[in-house]
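Chain nomenclature is as follows: A, B, C and D, assigned in order of appearance, with residue numbering initiated at 1 for each chain independently.
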Amino acid sequence: MRSNVADSNQKNRQELERRLAEFVREEVIPREDLTRAHDRDWFQYTTTELAGIARAAGLYGPRLTPEHGGLRLSWSDCCWYFEQVGRSFLGPAALGCAAPGQPDIAVLEHLATEVQARRYLHPLVAGERRSCFAMTEPAPGAGSDPKMLRTTARRTAEGWVIDGHKWFISGAMVADFAIVVARTEEGVTWFLVDADNLGMRRVRDIPTMEPFDIGGHAEIMFENCQVPADAILGQPGRGLEYSQWRLEGARLFHCMRFIGLASRAMETAQGYVNQRRSHGVLLAEHQLVQGMVADAHIDLYAARLMTHDVAQRLDRQDAIRHESSMLKVFVSEAVNRVADTAVQITGALGVSEDMPLSMILRMLRPFRIYDGASEVHRAAIGKRVLHRQITP
Amino acid sequence: MRSNVADSNQKNRQELERRLAEFVREEVIPREDLTRAHDRDWFQYTTTELAGIARAAGLYGPRLTPEHGGLRLSWSDCCWYFEQVGRSFLGPAALGCAAPGQPDIAVLEHLATEVQARRYLHPLVAGERRSCFAMTEPAPGAGSDPKMLRTTARRTAEGWVIDGHKWFISGAMVADFAIVVARTEEGVTWFLVDADNLGMRRVRDIPTMEPFDIGGHAEIMFENCQVPADAILGQPGRGLEYSQWRLEGARLFHCMRFIGLASRAMETAQGYVNQRRSHGVLLAEHQLVQGMVADAHIDLYAARLMTHDVAQRLDRQDAIRHESSMLKVFVSEAVNRVADTAVQITGALGVSEDMPLSMILRMLRPFRIYDGASEVHRAAIGKRVLHRQITP
Amino acid sequence: MRSNVADSNQKNRQELERRLAEFVREEVIPREDLTRAHDRDWFQYTTTELAGIARAAGLYGPRLTPEHGGLRLSWSDCCWYFEQVGRSFLGPAALGCAAPGQPDIAVLEHLATEVQARRYLHPLVAGERRSCFAMTEPAPGAGSDPKMLRTTARRTAEGWVIDGHKWFISGAMVADFAIVVARTEEGVTWFLVDADNLGMRRVRDIPTMEPFDIGGHAEIMFENCQVPADAILGQPGRGLEYSQWRLEGARLFHCMRFIGLASRAMETAQGYVNQRRSHGVLLAEHQLVQGMVADAHIDLYAARLMTHDVAQRLDRQDAIRHESSMLKVFVSEAVNRVADTAVQITGALGVSEDMPLSMILRMLRPFRIYDGASEVHRAAIGKRVLHRQITP
Amino acid sequence: MRSNVADSNQKNRQELERRLAEFVREEVIPREDLTRAHDRDWFQYTTTELAGIARAAGLYGPRLTPEHGGLRLSWSDCCWYFEQVGRSFLGPAALGCAAPGQPDIAVLEHLATEVQARRYLHPLVAGERRSCFAMTEPAPGAGSDPKMLRTTARRTAEGWVIDGHKWFISGAMVADFAIVVARTEEGVTWFLVDADNLGMRRVRDIPTMEPFDIGGHAEIMFENCQVPADAILGQPGRGLEYSQWRLEGARLFHCMRFIGLASRAMETAQGYVNQRRSHGVLLAEHQLVQGMVADAHIDLYAARLMTHDVAQRLDRQDAIRHESSMLKVFVSEAVNRVADTAVQITGALGVSEDMPLSMILRMLRPFRIYDGASEVHRAAIGKRVLHRQITP
């Protein structure tokens, strides 16, 4: 029997979802400007403005605690929240839940000392400082195989000296500090490094195919980068384990938000085929179009169920390593299929930038690579099954 | 907060699932004989013997009421039950939940009068009589389009006279009575017809590619088939609606059991690649094999989630027409992909009948056609979405 | 028995192919600058410079007649020529065979009067003027269904007045004249219109996802656009037939050049996986990578054979309508699969703009839509087969 | 310039093709009896009868020399010949070109001594004796990896003694002699062994999913199997090389004939959808059906071109190892897609055995495994490309 409390919670949740959807539809999406896909200042200005409105409306910060002005939703509830927010290129930044900040907050909440929390976590939560997570390295360093990590941290009298070469560090072009993954005697270890440290040099912003990717993908040199002893985050030697854990959460959020982006693409395309005629009837009456729409919705249906299932497992604190891999492969490929279909049935307008569709496609394509390429996950999933490490 | 009752239910459920899995593994599968895929007597004898053991063990009849010796599981709980049972070609018949009997019991429970229940439902439940559902007709009659129904029932002084031509009537070769779908003045109507009615003639058993398909797929002529006035099941004119409703349930059970069959195929294949070496290593160490195994498990994961979601909707008495279509398309194609992969990684043994794999493939292939071909569902799903009849 | 002439031709052909490949590799590709994907002036300057070198080397103008300084290759020989040239974003423009000029020259050669040839064809061939082909219209005009054409040409005392709205007119932003498709009393008719005609107004360049697409995709208004009586190209009323014929040629050239672009993507990616290590071995040693490379090469193999077959049919002056449709569907989808694979196995670098891969993907994606979307062709192919208009 | 001889050849070829097609359509296919898919005597009787008619009509033996009553077609010409013959389950056997006899004749023509030719080749050619090729072994022997061969041949005073265990030896249930692949001191070596040798014991016929697979797939024990010194075929130690060469030819013939079988499936299905109505129109008017038909014909188009290309390379005596692998992967998968589509659009009749479609599917499925599974070829193709052993 469902209690009154549960009923009331359910009602509150639906009301929040309704208001959030309205906010995204009425405030966020109308502020998008497809011609400013690479305009960092405009993006920063617009999302800051939206964040203010969202905070006032009690819609901001899905994972932040109430004392930080957030909603502290469960992982399961984040599914509908992130799907709504993810519909817009501006959404996650506007609502205080964009990567890399979102997963960085999650790890800092668990690992930061009080001093570290004051210096890094609280300003990050407040939107006053921005973070990035510096793990990936150019060849022959850590790419899809984290064991190949080459960045080192050497202990000195005053603390540590970090040396290494990182790249594709998302958000680093606007970050105020970095979580840096480096190898010490104890094993792989995490460090907090301020972006104005003289030993941390952002060489350049690597251009990628993504639009509205405002924090960039920086190439960074750490050269004789001196940090104090208390720059270590968490315990030394547990960095790979932390990275895996951070990644599982980050990956889940990406799935949630990209389901939203792909859904928007399909709805936009559906609107188009319901207007445009060809060979005597609406495109929507063409059976090949109906079939493509059907496949897209089957993909979205499965993607939502799988995302929700992994979120529920996290809420129950189950291990999700295996399911998280399956989720990543399925959802990253499904949302790309969906967006590709949206482009295709919209024809020439679909590849134009009059509509957001081809930009959505460009935004989604890297997700089949970032957070572990599909092939890396497939090999890992297959091995786990075949080595009987999991019971299907 | 979960109550003690819920905890105890949960524990009972897990114990039942464990015992059922053991029964299928220890009693049912060992009785399979791949060389008797078309031996009707052996099948009947073996499943009757198994049914007796299952009843004694309290494992029989997932949807039957306790007074009929059944478990009366919810639709959600049927998911794990049917998956276990579906692992064996013999399982559904042995455990009292094979089609067409299972969905016919469901409709009779809702529609049968007391007299009809005594004559048809109770013996069906007891395993004393067998049913079939006679809807499909050869061209130009009702195939994938039920509106093309041509079988007629004409009112007479004593009752009704049915005339028509049916085929691909599953189970009809061994059925004791049929639910016959015919057109009357009131519209499409259901009738109960005894198989020994002189006006109902089973012309032949249409051979199909399926093994262990014991009830056959009969071609039936109804010629001047006289039935009494009370042979009508349910209300006249509501036959299409009933058929849709029967189909949604039947389709869901097929999804559940075929997930079991496909899972068994994969586990069998996994056992093989963990034994067989090629090019210096176990096949299980070949990355292409790992990738195929991964895709199969991702398919099964999504298939289980979608099946469970539709079952939960039925338990909540939600409309499932749209989800049921998406489920049918996805699961019927997913289990075929999985079984195809199982065959492929097992190589020549996979296409042999030393192992059950190619027979599983033959059993699953028609499911992409029966209960509505994928293309029919795709067009229907697409139309519903595009005509905004559903909110995604 | 092959004659000496044939042997000598074969030798000349191989020598030309070798020199062309060298030219593309040594001169054209090194001049590419990925940061200038939208720099029209740079593109114009660079390709003009390259054209000069190519002319001097006797490599320019595959379809131009020798008197125009060209090679007048057969359609079959164009296969290897365009594949080489197509490897570079700059190639077709640099070698005098880019669309829309290339197919416009082809139609002018057949249809232009002597006066029209002097005014339009010869300067086009000489690279002194540029053309565009104005057929596509916004809804509710001619998109994938040419019968929906709404632009009209009305006869006057002095000639014709054209009124209509066109868009996605490739190359129109830099064109000196347009071939305009309009409806007259006689049916669909072609007109030659100078770009400085006051009645022809380029409203804007529609932004699309393609890089290095220098002529743009213009939206054009024809408003009271007056042209003389001799502006008609070919015979009045045969415009749809001409358009189909122009399209078949244009489509074939696109297939040829995009096979080159996709091949380059794969070779670039192969170079990458032969350098980069992961999980202890080169990426090239990962079987999943090998499998993806294999599929890409199978696709390219089939794409080349199909392209060559259609070219041979054109050389024999066979009808190619059916084969041209199959070719378009297969090659447009195959080159996209190949480029997608190239991006995927190159990982984060693949989606970056440090390498050309993601730009190649963006260049190829619209080809599944332009020249007839895959779905339009599929329906047409299926109908032709089913209506027995062709013998398979 | 084409000579008169060429013109006359071309005309003869077309006439032969026309007569062959007529023979298959009028004589061979009408003799098929789908209820006798496992009746060895009926098959033998019927194909022998047909062979007689074919010989009389000058249609028999595409690769046999004229003195053996054959046509001695080039590999290229075999493409159309085998496609026609392959349309029927009975065709290859009836026209003297079924495996394993066809490829065994090819290797014997190259390798047999005069004595061996008299004893094995000539009777094989005449249809008086039948052969099989005994290479595959159960684990841990030679399956997809021929290097794992375990069967041995030990030299004795009188000749050789062969010991080993073979299985899935196609045709062996009716063979009069076997080419046995065994390991000697010199390496892998081929032997000719009469089926009545006391040391060669056919244990059983392994049942597989294929219908009309009349020679079976035998499991064979070689136990102290004594053969004379001159039982060696070819040179000792070159067995792997011979096997590869035999396989390339056999694989090509399988591609040719299975294109025929898949084409027939599609034409049968096209006939069906041109008769059957659903939702108000012929199935042939449903766009989803048109799209599936289109994809099938694109697959067949590519499959024919690739098969013809490899045949031409063989006629030119080029190396075909790489192309042969690509061909095998593409065609084996393409014909399965085509047959699957034929079944699907034919609905319930498609999975019945009233029509040949599901039997065609069962016949084609193993081809993705026999002659090297797709995955083995994919890894090999990928490696060759990546190791730069071939120039694409």
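The rule we apply is simple: a contact is a pair of C-beta atoms (placed from the backbone, for glycine too) under 8 Å apart; a residue touches a chain by one contact, two chains touch by 3 or more.
Everything quoted here is computed from the prediction, not taken from an experiment.
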Query raised in the report: Tell me which of A-D, C-D or B-D has the interface of B-C again, with more than half the contact pairs shared?
Result: A-D
Report summary line: Farthest chain from subunit D by C-alpha centroid distance is chain A
Requested in this report: State, to the nearest whole Å, the distance from the C-alpha centre of subunit A to the C-alpha centre of subunit C.
Outcome: 38
**Report entry** For subunit D, residues contacting two or more additional chains
**Finding:** 286-292, 375, 378-379
Query raised in the report: Across the complex, what residues on subunit B touch subunit A?
Result: 263, 266-267, 270, 273-274, 284, 287, 289-295, 297-298, 300-302, 305-306, 309, 323, 326, 329-330, 375, 377-383, 385-387, 392
Query - subunit B - residues contacting subunit C, complex - result: 286-288, 290-291
Report summary line: In the complex, the residues of subunit C that touch subunit A are 35, 136, 139-140, 143-145, 147-148, 167-168, 206-210, 217, 275-279, 286, 288-289, 292, 343-345, 347-348, 350-354, 358-359, 361-362, 365-366, 368-370, 373-376, 378-379
